[in-house]
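Quick one: this structure, given as structure tokens, is what I'll be asking you about.
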Amino acid sequence: MRLKGGPTQDEVMAVSLFKLGIQDGDVMADVGCGTGKISIQASGICCHIYAIDRRAEAIDYAKREIENAGAENITLLHGDAVHALDEIGALDCAFIGGSGNIETVLDKLAEKVSGRIVVNAVLLDTVSRAVAKMKELGIFVEVVHLQVSRSYELVGDLMFKPIHPVFIIVGEVKQ
Amino acid sequence: MRLKGGPTQDEVMAVSLFKLGIQDGDVMADVGCGTGKISIQASGICCHIYAIDRRAEAIDYAKREIENAGAENITLLHGDAVHALDEIGALDCAFIGGSGNIETVLDKLAEKVSGRIVVNAVLLDTVSRAVAKMKELGIFVEVVHLQVSRSYELVGDLMFKPIHPVFIIVGEVKQ
Amino acid sequence: MRLKGGPTQDEVMAVSLFKLGIQDGDVMADVGCGTGKISIQASGICCHIYAIDRRAEAIDYAKREIENAGAENITLLHGDAVHALDEIGALDCAFIGGSGNIETVLDKLAEKVSGRIVVNAVLLDTVSRAVAKMKELGIFVEVVHLQVSRSYELVGDLMFKPIHPVFIIVGEVKQ
Amino acid sequence: MRLKGGPTQDEVMAVSLFKLGIQDGDVMADVGCGTGKISIQASGICCHIYAIDRRAEAIDYAKREIENAGAENITLLHGDAVHALDEIGALDCAFIGGSGNIETVLDKLAEKVSGRIVVNAVLLDTVSRAVAKMKELGIFVEVVHLQVSRSYELVGDLMFKPIHPVFIIVGEVKQ
């Protein structure tokens, strides 16, 4: 099975998790968790992760991946992000890899999170909306535009193949 | 038919021809002309263009494209670039889009050209070799790394799709 | 004197003029002409260019540059772009390098131009607004994100120095 | 005090450490440690880090930074990398942020390391040499070209400022 959008690319994940500044003991939300890749990577450092997706097929996919990885500190939540977030307590950070309504999710996260919120966006409109909402909430830090190319072999030499550029939008809630 | 490598992307062509600094009355060589795209674009400004390729299928392809474009100032030369260049006179500039032996071609062009030489390279080794040879010949100007992404529509919004990054190596022969 | 923003970088200019598709005989507007660099470059191909800027210092600067370049087919217009455009006739293409109110300028250009309109933007909000307005006018074609790095010498080797990334927004009016 | 080259940028560090795949219990070498930034970041995960630099001012600088960070599992080694590496035992991974002679350092690391070796390079020649040496040693994995731009505020809107592009060269020793 292949989920729409596919997993976050390694380099984008590395920068996103760095910007989140995850630490030992953190409780994190992964909104629009998709394949579960970000949650699994973060599970090595965080204390607990709530991985949320409203697509049943994403939850199924992530469930298998989490089992294969042997990660035991991830709770999968199937459903709308705002409702799911209502069910859980305080968070140290949150990652948004995909979301239907970025504004309401950011509103909710601004209440729940005490720390960094990082959004990955490839759609221009999502970038603008996430920035505008973060500015309104007084939590905007920066946008990072990441353009990665990876080498591959061609006739014994190296060529570079670009991956899709991603905007990484960073916010911080100081509570 | 599809030629290996495909035509130069529009944005890469625009920057390459700008770096060549082609002007009214120029005589230009297009080494490894492939589909003929660079020659056809340059033919609107240059006086005459020698388009060279050692692949018979490239010559056939370029021939049709040149006819379709109605360009009448392009001479197609089938064969090895160094031999082909031996047959023609002085040049005002030269573009190398592809070449089997970049060093011998640059040696030959350094004799023939009085002006700019621009190389497009995607292979890392070709970049190093073109730069080293241009430095040896005392004609090196700069390398430009061009990373272009183009928007496409996705669910009513815009996403960016990158094209392969290209190194544009610029030399200038002052004679 | 140094104008705010500085001149358009060569590679950005090359791609922007290529996307404009300027041809022999074209009448072009250059809105927010700044140093006049785009107008001067285009003047070698276009029939006539109206270079508009509301900053007196830009007009002064461009005037000197145009004289130095010996370009005789550029009319400098000092003032608001919409008013200036009201004074001139039909256009084949238009470039917007800077503008106070992108929406009203695009409204006006959509009336005047029969052909390509290209906007250079570095501000995220300007990109969104130009795209939204072009879509509303039914003239949107694409956005190109251009990331250029140029080599410079360091201890006998080459390093790459990036220039500011630019969004090139392309529209086309079919009349 | 400012060290030549300056500290590795956050995003480049995040991707480099991800490619290193550092894990709990790892012993790592940081060759050309400069300000000590990479060592300090890695010290939260690795068991022990040997930070090597032949510049006395780098060692002084890194010493202060390491003390400020309270990292207690970093051993600073002042001197030539190859000699310093001779003094230490087996390594799980190694990062090369700067080095006088990339070939001899890679030769030595290929003996000592059982795992990933990651080189950061901004000089074109260093990229070619690191790749060539890694291929000769049979440990080459990939090169990642990383182009990061960060937003900054301009008149209430966001503009993007690029940082210098970096080549991240990845090798893996399987012993």
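Lettered A, B, C and D in written order, each chain numbered from 1.
Here is the rule we go by: a residue touches a chain if its C-beta (ideal position, glycine included) is under 8 Å from a C-beta of that chain, and two chains touch if they have at least 3 such contacts.
On a predicted model such as this, the values are computed, not experimentally measured, just so you know.
A.B. asks: Farthest chain from chain A, comparing Cα centres?
C.D. replies: So the farthest one, by centre of C-alpha atoms, is B.
A.B. asks: Out of A-B and B-C, which chain pair has the most contact pairs?
C.D. replies: Higher contact count goes to B-C.
A.B. asks: Thinking of A-D, which of C-D, B-C or B-D forms a repeat of its interface, with over half the contact pairs identical?
C.D. replies: Duplicate interface of A-D: B-C.
A.B. asks: In whole angstrom, what separates the CA-based centres of chain A and chain C?
C.D. replies: 38
A.B. asks: Could you grab the centroid distance between chain A and chain B? Build each centroid from C-alpha atoms only and quote it in angstrom.
C.D. replies: Each chain reduced to its C-alpha mean, chain A and chain B end up 43 Å apart.
A.B. asks: How far is the middle of chain B from the middle of chain C, if each middle is the mean of its Cα atoms, in Å?
C.D. replies: Inter-chain centre distance comes to 26 Å.
A.B. asks: Which parts of chain D, given as residue numbers and ranges, touch two or more other chains?
C.D. replies: As it turns out, chain D has residues touching two or more other chains at 124-125, 131, 143, 145, 147, 149, 151, 158, 160, 165.
A.B. asks: Which of the residues in chain B come into contact with chain C in the complex?
C.D. replies: Residues in contact with chain C: 10-11, 13-15, 17-19, 131, 142-152, 158, 160.
A.B. asks: Provide the residue numbers of chain C that touch chain A in the complex, in ascending order.
C.D. replies: That would be residues 124-125, 127-128, 131, 143, 145, 147, 165 of chain C.
A.B. asks: Spell out the residues on chain B that touch chain A in their complex, using ranges where they run on.
C.D. replies: These residues of chain B touch chain A: 122-126, 147, 149, 151, 154-155, 157-165.
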